[in-house]
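Right after this note come the structures.
What follows is subunit A paired twice: with subunit B in the first complex and subunit C in the second.
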Partner chain A sequence: MPGKLTLGYPSARTLRKSLPLVVLAVVVVALIALPLYSSAHASAFSINNSLQNAASLGLLALGVGLTMIIGEFDLSSLGVYAIGGMIAVKYGADFPVMGMLLALALAVVVGGVQGWIIARTEISSVPLTLGGYIILLGASHLVSNSQTLAYANYDVGMWLDGIFGFVLSPRIAIVLGIFVLTAAFMGWTQLGREIRAVGGDRRASRASGVQVDRIIVGIFIASAFLSALGGALFALSSAAAKPDLGLSPFIFAVTAVLLGGVSLAGGRGGAMGIVVGVVSLSLLETLFSLLGTPIYMVNVIRGALLLVVVVIEAPDLRRALITVRRAKSA
Partner chain B sequence: MSKTAGNKSKALRAVLLAAVAAVLSTTAHADGSLAGKTVTLVTCGTSNPWCKVFNDQITSKLKDAGVKVNVLENDFDAVLEVQQMNEAISQQPDLIMVEPADDKTLVGSAKKAKAAGVPVLYMDSPADPAIMDDIAFQVIADNVALGRFAGQNIIDGLRELGLKKANVIVISGTKGSTMVQDRQRGFEEVMATAPEYKVIDVQDGNWDPVLSGNIAQQLFAKYQSQGGIQAVRAEADYTAIPVIQAARQAGMKVGVAEGGLIVSGTNCTKAGIDSIRAGEMYGTATEDAFTQGEYTVDAALKFLRGEKVEKTIVVPEYRVTKATLGQYSEVCSKG
Partner chain C sequence: MAQDGEAFQLNRGRPMTIAAVGAVVILVAAAAATTPGFISIQNFRAILAATTFVGLIAVGMTVIMISGSFVSMSLGTMATITAIFFIYALKFGIAGAILSTLLLGGVLGLVQGFLIGAWDANPIIVTIAAGALMEGVSVALTGGQALSPPDNNYAFLNTTPCGIPVGTFVLLLLVAVVEFLLRRTRLGREVYMLGESRAAARAASLSLGEVGCWVFMLAGFSAALAGIFLASFNHGASLLLNRGTLNYDAIAATLIGGTAIVGGRGSVWRTLLGVILIATITNLVLLRGYSFGAQIFFKGVIMAVFVIVIHLRSQRGR
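On to the complex of A and B.
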């Protein structure tokens, strides 16, 4: 019996573990083979553009992903992303770093307050951060007077997006660097292991002396910080900020995180998985854009992919697979 | 023997084929067929009535010439437009045609397109001086003239009412675009000649009919106790009509005949022409979507055929009032 169980278990896990890399490989092959089945081809610029988009949403995905790893869900990160960009543009006209620091300071406060409430009251993070999202969106409209603000200092954005090494840019490098640092931190430090433990079994980690509350507050601060930084970099690079960016950045981020092997139940996944998810998804969108696919079709594909990922992630599926295997072997 | 005959017939066939090909290619040239050329149109969404006519005019004429057109739409959304410009550059078309949501925001995009070797046709609003060397060419409206016409409409209307002083408001298009700023400049220039009429408020209606109507409603209420509002300059006919509706809802009289509110539009449409005919809207001006689209697409086709195109093409504009209605009602009614 136990033998059969372990037989069924790894293959579901293998499927899940290999999914991000499989998707990445399929998309890369499809991009390279573009001229074989269409009149389009992937240029260095289109790959660079795809990575720019990945950089725009990568930090948001990392923020959401970190909260998911500890078994929480930070909806407010989308609001922080929007207002972070708005503050960076509005107050960074003369000194870009000033605007950026202001945005990050606000994020630390927002993340700290939300994390503290969640840790103290053990309230569910979904309704709480939904409230946070709505408040931040309102604040973003207030700051911008409900208008799209242009950033006249467009040299900053052009520097951030300046291409080097064929497909890279300073912004891509910054975002990638943050991913690498986060992965190193999560993998090689005691705290990193504790963070994952909190997501796996909170009560057990608390019993074994892990400072669970501090970790929750810290992760929410990190989530808000990363989202604000991502929003600010995005706004500076597009030389404009909009008070409400809609839901699509968040849908992208969550799909990428799930695709990258982070579990909705918590305790699993890491920064490297998330970055693979973000890049695969971004390249996939570039593929459809190069093929001239209408936006509504791209939305259908996005939705379908999210569905596939969630189904593969589903704990029930694992159980169902095991049952099927058992039935077969019986 | 049979071999040489075979060779001969082969040679003959080759010559014939070449002749046919030559004839075909010359006829293709004569037709100006642009098969194989691609254009990416980054433009405002068809939910905007002006943009719908403008986009249709451009895409249908391009397609008729055999050009493959990719359309990326946004509702004057500067952030989305920057992403769409990146997407457009990635597609490596023969020409990107862009209707700007914000002229400052597009500076980076135009420079990127230049670096990637993709020519850009800037439409409607004059490009920022910083990118004049980066874009291929621009087809723009004479926006200062359009602003002046609106000023003349308002002054003439108020004088017809015999008003010695009046409060005027402006509900503009998206302020971040140079065309809106140019129009306002032309408008203020003319309004300065009639200092008895004061421009007391300028609000950004983002080329949005619903938003423009809402703003009018709020401003009518706001200034009720401060002498009221006697005239409104709306940035387009399709935003002027909601302003008139808002005035009616507020219980105001509209038009010279009723001795009420003077409203001027621009970017004339059929609804605007009907409103002037009914005596509600005082006047408007061209920059109708049909003509603007026609000038733009003709220039684009010339460019794609490799003909020389001027760097800046300014579409001439005309003032439309009850007196000149007959002359412009047809072209305006296409939108």
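On to the complex of A and C.
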């Protein structure tokens, strides 16, 4: 891939802009053309399945993406995703809404505390949220006694995943709604513009009167809230909660966010890009499952894809390419 | 990433860290004194064994942290992968197995180090991705089965000359060698410089890619050493070896040792003290019958507290 990049790519920016749509287009074409190269074909059911999978992870991706847009990185979101599902299952046996609210309340506290510490001390968010992730992982084991909890109230999951309009379900609709609201908020409100400005240049936005600290705290709360909601929806619809989901939900989320054009440096990208990233990634996973790709192969591809998108994002790769280009034209 | 000029005012905020370490040591000592079964030769051996695995990985973690790349999320996985490879390679003889395992660890580290060092790719994400990739490949190659050794030619790795495990000697040797590399060689100075400020290191025309490769190759070696001892200690290897908290323990130990998470400061022998503390805490928590969850929870709290304390210390020094 470095070789490909040096051979006459117009610019990193064009690459970033076109990457999400190119990936989506390639995956869709591959799905449609599926019968041409295998005995499988994509049905409305498999598309619905794919979007169900995308829905819960999509909220995690949105949370991670929002912190990236302000130039931070929230590793703890993965822990919130796990414990959110755990709490929703454990305390929502009789009243699902109750468990959900508890999970969300915990998330607001976790996000608030971390955001406050980051805003106040200007500590790097990576190590702090890594600590937060491990604390939450421990808490999740404590809450569940290291067991996988089953959720007896199947009706909730059935309702959440009930198909309507060919490929939709309440779960998908909820998540899609949140994405649209977030996109509208980021695009059309003053606060949305300020959030992006904080990621672009924090000092300058502080100087021009933006309430930077409040925005940081708010974004971390939002990130935790979305992750907990995603985790709860996932656990309720699969009627089970595991104390440790491993790193794979995070790998999905970060890949989707980077595919969707959000920059690790902050200030760039938005909810619509993330949606495109999430949908293309989950369609890609559907493609693999239709083809019967073994799970370890899927893991290899997931890891490789994340490596590719993070290397494209690497600041000094661009610097190196510019040097190469200059040397050529000189 | 690192704050400029911080190195010149190293000592001002130190009391805070010492206070934090002191508090932990007192707590641990008090817990140790009141825990039945803690003070026994057998238990100290168990602590030493735990120290070895975490310690070997923590040496690599420390070098990575000093170089400004935060942490690697894949060193625990690399230890597991190299452990599996070591058991497989035993059929070529013990010397061949050890050398080729070290080579594998070095190469796996080197690739990640190049992406991170030369191109400044995000170290957390690169190492997470590399971990998933390596795990997938190892399942593809082994079919996810546990491997058993073909021979017991590795038995000497489990011996305890003078009552101390071979692994502990290797750990001490590794600490001495890496400390020497960091303090007394040009590479060492460049690692600190890169961690202090990437921009300054570039301005001084260091080869950032080269330094990054060395750092992660060293970490790869240390993970491979951990893998070798993990495999021989368990008389076999599978991906399940990584189900514990090796990687997080190594990160916590490095932080307790006072290494700055943003880079530029830290030492390997102080990490060793952190490792002993972490191993003792793990041991106490187990002896007192706390659950796995409580164990992880405590470590997370310690990690978060140390990250904040060390950060405040570096700010106060400015």
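As a working rule, the second predicted complex is superposed on the first by the 312 of 330 C-alpha atoms of A that agree within 3 Å, B and C clash if a C-alpha of one lies under 4 Å from a C-alpha of the other, contacts with A are read in each partner's own complex, and residues count from 1 in each chain.
The rule is short, and it goes like this: a contact is a pair of C-beta atoms (placed from the backbone, for glycine too) under 8 Å apart; a residue touches a chain by one contact, two chains touch by 3 or more.
Everything numeric here is computed off the predicted structure, so don't read it as measured data.
Subunit B and subunit C, once both complexes are superposed via subunit A, fit side by side. Once the two complexes are overlaid on the shared chain, A:A152 sits against subunit B while remaining clear of subunit C. Of the two partner chains placed by the overlay, only subunit B lies in contact with A:G292; subunit C stays clear of it.
By the touch criterion stated above, A:G209 is placed in contact with neither subunit B nor subunit C. Ranked by how many residues of subunit A each touches, subunit B and subunit C are led by C.
In the superposition on chain A, contact is made by A:N49 with subunit B only, not with subunit C.
In the superposed model, A:L245 lies in contact with subunit B only, and not with subunit C. Across the superposed structures, the minimum distance from subunit B to subunit C, using CA atoms, reads 7 Å.
In the superposition on chain A, the residues of subunit A contacted by subunit B and by subunit C do not overlap at all. On the side of subunit A, the complex with subunit C involves touching residues 73, 75, 117, 121-124, 126-128, 130-146, 243, 247-248, 250-251, 254, 264, 294, 296-304, 306-307, 310-311, 313-317, 320.
Contacts from subunit B toward subunit A in the complex involve residues 70, 77-79, 82-83, 86-87, 89-92, 101-102, 104-105, 107-108, 111-112, 115-116, 176, 204.
Chain contact summary for the complex, subunit C toward subunit A: residues 1, 70-71, 73, 115, 118-122, 124-126, 128-137, 139-140, 144, 208, 248, 251, 255, 261-262, 291-301, 303-305, 307-308, 311-312, 315. Interface residues of subunit A facing subunit B in the complex, by the touch rule stated above, are 40, 43, 45-46, 49-50, 52-53, 147-148, 150-152, 154, 157-158, 161, 163, 235, 237-242, 245, 286, 289-290, 292.
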